[in-house]
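Supplied in structure tokens, the structure appears directly below.
Chain IDs A, B, C and D follow the sequence of writing; residue 1 opens each chain.
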Amino acid sequence: MKVGVVGLGYWGPNLIRNFLSNKEVEKVCGCDSNISRLKFIKSRFPMVELTEKWDELLNGYNLDIIVISTPVATHFPLAKASLENGKHIWVEKPFTFNSNEAMELIETAERKNLKLFVDHTFVYTGAVMKVKELVDKKVLGDILYFDSVRVNLGLFQHDVNVIWDLACHDFSIMDYIINKKVVGITANGIANYYEHENIAHIAVYFDDNCFAHFHVNWTSPVKIRRVLLGGRKKMLLWDDLHPAEKIKIYDSGVEVNSLDQIHNALVQYRTGDMYSPKVNETEALTLGVNEFIASINENRKPLTSGEDGLRIVKILESAEASIKNKGKFINVAV
Amino acid sequence: MKVGVVGLGYWGPNLIRNFLSNKEVEKVCGCDSNISRLKFIKSRFPMVELTEKWDELLNGYNLDIIVISTPVATHFPLAKASLENGKHIWVEKPFTFNSNEAMELIETAERKNLKLFVDHTFVYTGAVMKVKELVDKKVLGDILYFDSVRVNLGLFQHDVNVIWDLACHDFSIMDYIINKKVVGITANGIANYYEHENIAHIAVYFDDNCFAHFHVNWTSPVKIRRVLLGGRKKMLLWDDLHPAEKIKIYDSGVEVNSLDQIHNALVQYRTGDMYSPKVNETEALTLGVNEFIASINENRKPLTSGEDGLRIVKILESAEASIKNKGKFINVAV
Amino acid sequence: MKVGVVGLGYWGPNLIRNFLSNKEVEKVCGCDSNISRLKFIKSRFPMVELTEKWDELLNGYNLDIIVISTPVATHFPLAKASLENGKHIWVEKPFTFNSNEAMELIETAERKNLKLFVDHTFVYTGAVMKVKELVDKKVLGDILYFDSVRVNLGLFQHDVNVIWDLACHDFSIMDYIINKKVVGITANGIANYYEHENIAHIAVYFDDNCFAHFHVNWTSPVKIRRVLLGGRKKMLLWDDLHPAEKIKIYDSGVEVNSLDQIHNALVQYRTGDMYSPKVNETEALTLGVNEFIASINENRKPLTSGEDGLRIVKILESAEASIKNKGKFINVAV
Amino acid sequence: MKVGVVGLGYWGPNLIRNFLSNKEVEKVCGCDSNISRLKFIKSRFPMVELTEKWDELLNGYNLDIIVISTPVATHFPLAKASLENGKHIWVEKPFTFNSNEAMELIETAERKNLKLFVDHTFVYTGAVMKVKELVDKKVLGDILYFDSVRVNLGLFQHDVNVIWDLACHDFSIMDYIINKKVVGITANGIANYYEHENIAHIAVYFDDNCFAHFHVNWTSPVKIRRVLLGGRKKMLLWDDLHPAEKIKIYDSGVEVNSLDQIHNALVQYRTGDMYSPKVNETEALTLGVNEFIASINENRKPLTSGEDGLRIVKILESAEASIKNKGKFINVAV
């Protein structure tokens, strides 16, 4: 297959490297309007053909696949044009700026029988795959809550707030792991430096008394990436920055036989052993590229399809609506 | 002075021990309706006189001070009776069940010229005093946000949710450290086991673009007690569980000269040295007892007075109103 | 039983509290030449009879047991007199100043059919009991090495160096866990402040290619208490300062099928899951008191007997001889 | 300058990348007898000319510099030939297999007025440079001890034990930081898998009551890289694996006014604030390449010269002699 990558910023070299190393890819081309980025890419990947012009990428190399790694506002026109020209597409997260755009791209891909892959890259990490496996096997029991923290002294984005930049990752992780219906969202936060929020707290309500919360912050002096997952049987901690023990499963919980017991017992909780399974360390992007190409070869939807991207865009839209209205509860069904 | 303690549960022995060791206290009496608690207290403090009967404590020992360490619903009647009988009072947190009760107690104490101490015990810890000192000296610059996490596998309370139990501490810490006006509150959370919420997230909006957030959870497999405090000049991390380095001040921040810079610069943040000051390790309760007795001797308000307790009760009431309405924004002025 | 405790310094209150709470103990008496310590003990334990005079303790209360918690140089005369007067004895660690003293006490106790308990208190901790269980069940496979670190900014002892003070604990832990013959010892270190070493490194050679090392330091700015235990099948980390996960078992190791493989393979090691078992949190001293009293009632040797104390004294003597001779190898058979 | 690199194993690509990016280097060539390594290097650095033949590298490209990154046994012949052919040389650590080889290379380089750089790469890390600066400025006061731990589940080396592989790094760090004379060495350890030791503990005695200790282990389930540096005024912890706070300076210590004080005071130590300076994060190898090329241009010895390499080889030889004799004290003067 022949692959073209548009947008060669921070993530571009990783995309090029991973497509280059997939054995079904015979050629990778690149496109960016910034000449210095083209020079940088050339020095690292001399075999990649490069152009400044989008039209040339779209039409000039007989490509099968277009990878869109540009600012989110441009995802829709580039993706739409690619599909209309018969290309399978890979779109970086967040999928689109709004759900209408997402729905139109999904419809276009279906009409043209082309594959649409949304790069929810964390879904392909060993840690998330392991958590998914544990949840699906009911090791934790029914999930009661999902609590996520992703804070850092991080890059401000030009065009979007910290929800679209960071929480987007965590929404896609939650969406993959928890098989429950979201019914409402609230978001609170603050913009200390310019019009976009640098701190946000998003609460997600599910239809069966399950609850999720997301804390994202571009202005924390320390870096934390941690998810707590509470189940009726066991509880899980995923610390993505731990060098070796990323996932810990605690045989701990609250045990209630009757209401009366809660009201009277001095100690209602139970703590037991902890277990930390080894996690696959294959680079997530490698597995994502494999899945995308397999979905094309097998003529099926990829694991992170346009529909998955759409659900996350709906959550992002709702969070945005809420944070602009001081935490107003937004009904949403995804 | 002669001191009577009513309510000899978990916190009772600490109160008795600290009043006993204050050199201005000549006698300590105790009262609890639970005989087994009286026996336990007798075995540990043979010099303490004990009674099952509240009336006996109130009238029988010629006391100067009554310490109220009972469930929150009983604070008001016990405190009111104590004041009307001419006793100075120490009330455990949370001060009262609602702000009307709090206001009536404040008014009664003033009318009778008695001292009213609310045990916001964290205000007397070395860590909080150090943070207060740093904020007051403008070491951090203008405060942008206060972010608090207090989670654990903890005891469910019979009568109140996790906000009244745990967040009450953090509200009093915030109130002491940050000299800004609170204008609104939202709270989200869930009750997984009985009618009271075991997880809550509370957002507090100030009048000058400052923001605070509180995460409390009785059902976390790991124990975390951490506050992030972001300032325009520096940032602070308080990890109350660190054995030695409880407070860290980071010479880090986001630096913006113009809007344009944010939109174009690749890296807008600055990281520098970190500094961890030694923190006073005197037991907070010892210092609280000293302050209370000094306020009586000097005929002045204590550092944690009824007015301080009232502000926290207002915040608790607002958080309660919000969490029962899916995060509705509640206007509050404290 | 009636118990007398001689030496009421730092450890004295813990001994008194634990003997008092054992249901077979009807009376506890105490003795110290320091009047202020007697007053302190009286304030905390009003039911304990106290005396300044050793003879009075030895003869005056019709005691069954004498607990010796004085500086090590006085252990022998106090223990000897106690045994000769028909008392069972509990001796704090280190047992005696030299092995001759230890052997004489063992012989005397046997002759008089009295029980001699040496307070190797770590043997009774949940962590050590769990490690012992895992080693005995061959979970780790054959033990290859035992590596211990115990460093802190700690109290200098008047009369002994850091080996006798701190490494004594670790030797008793090693001796309990590892069923192998020690054949030689070397020790290196330095005395920076007075005649006794404040830093020491002790190497212990066993008869079957197993090796142990101990690092003790009174002058470290950070506190570390950690043991690594390497087995042919699995490896174990015991971090005694971790609040919850004191013991971790790693399914990791080095796998060698033939010599050739080591010389050629790029990666010879294997890493797998980690498992952290819950550890009994009962106070070690409580279990030690139980064991001592059970050994008297059942007329058998306690788990930490005079013979166990003697082996540790021999190791201490050898380490002392080596450190005074720049790490000279000392043959020892224990 | 034209640079040839011989030995393109694990470290080769880093050497090539850093020489390529130095602006005074116009050409980089490479040599390895392993064809698959040549192919790998070609794919990553298409501009590098490659050969299987050492003679071709030595004579065929008109090189100014030869970089020797082969197993230690081959360092001497390759280095000797390079110098005799008029090339400046960069030799990976450990410099040579014995001190005679090292001395001969130093003599040859001097005779031919060529520069000899030994790659003690840690000397060029931001952390070591910062520690050196603090020690030289007497921030810690007189150095009392240097305690180093470098353990991991690591690659066994074919030809040398863990001392030559890992402790070599730590010896060069100690040698750079501490300006004191080494007078003696002991080493203890064990070989559990083949003839070379996988665990070693090395003690180094200085001429003025300063002491160093090194713990290296290829068979630890956890990775630790930590140095404690004790001074009379302050103490320092360098944790090379901490993501942000690699160096911590503790205003802690032991304070002794008279011998009597040690013997009587209950607490002889002092703890104060902690300070963690920001550390330069430039890649050490980049700075090493800069220093080497500057030393050639300025016709002076580099910071890590043959003499520095020789001192480390002497320490390695002594440690080897000691470990083969159960910790025998080896006199050495470096």
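Please note the rule applied: contacts are C-beta pairs under 8 Å (C-beta built on N, C-alpha and C of every residue); 3 or more make two chains touch, one makes a residue touch a chain.
These numbers come from a predicted model, not from an experiment.
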item	value
Farthest chain (mean CA position) relative to subunit C	A
Pair exhibiting more inter-chain C-beta contacts, B-C or B-D	B-D
Separation of mean Cα positions, subunit C and subunit B [Å, integer]	42
Centre-of-Cα separation between subunit D and subunit B, whole angstrom	53
Multi-chain contact sites of subunit C, meaning residues that touch two or more partners	222, 244, 271
Contact footprint of subunit B on subunit C as seen in their complex	46, 222-223, 241, 243-244
Residue numbers on subunit A that touch subunit B, as the complex places them	144-145, 147, 151, 153-156, 158, 184, 186, 188-194, 198-199, 201, 203, 205, 209-211, 213, 215, 217-222, 228, 230, 235-237, 248, 250, 252-254, 256, 259, 262-264, 266-269, 271, 326-329
Touching residues on subunit D, where the partner in the complex is subunit B	244-245, 251, 271-278
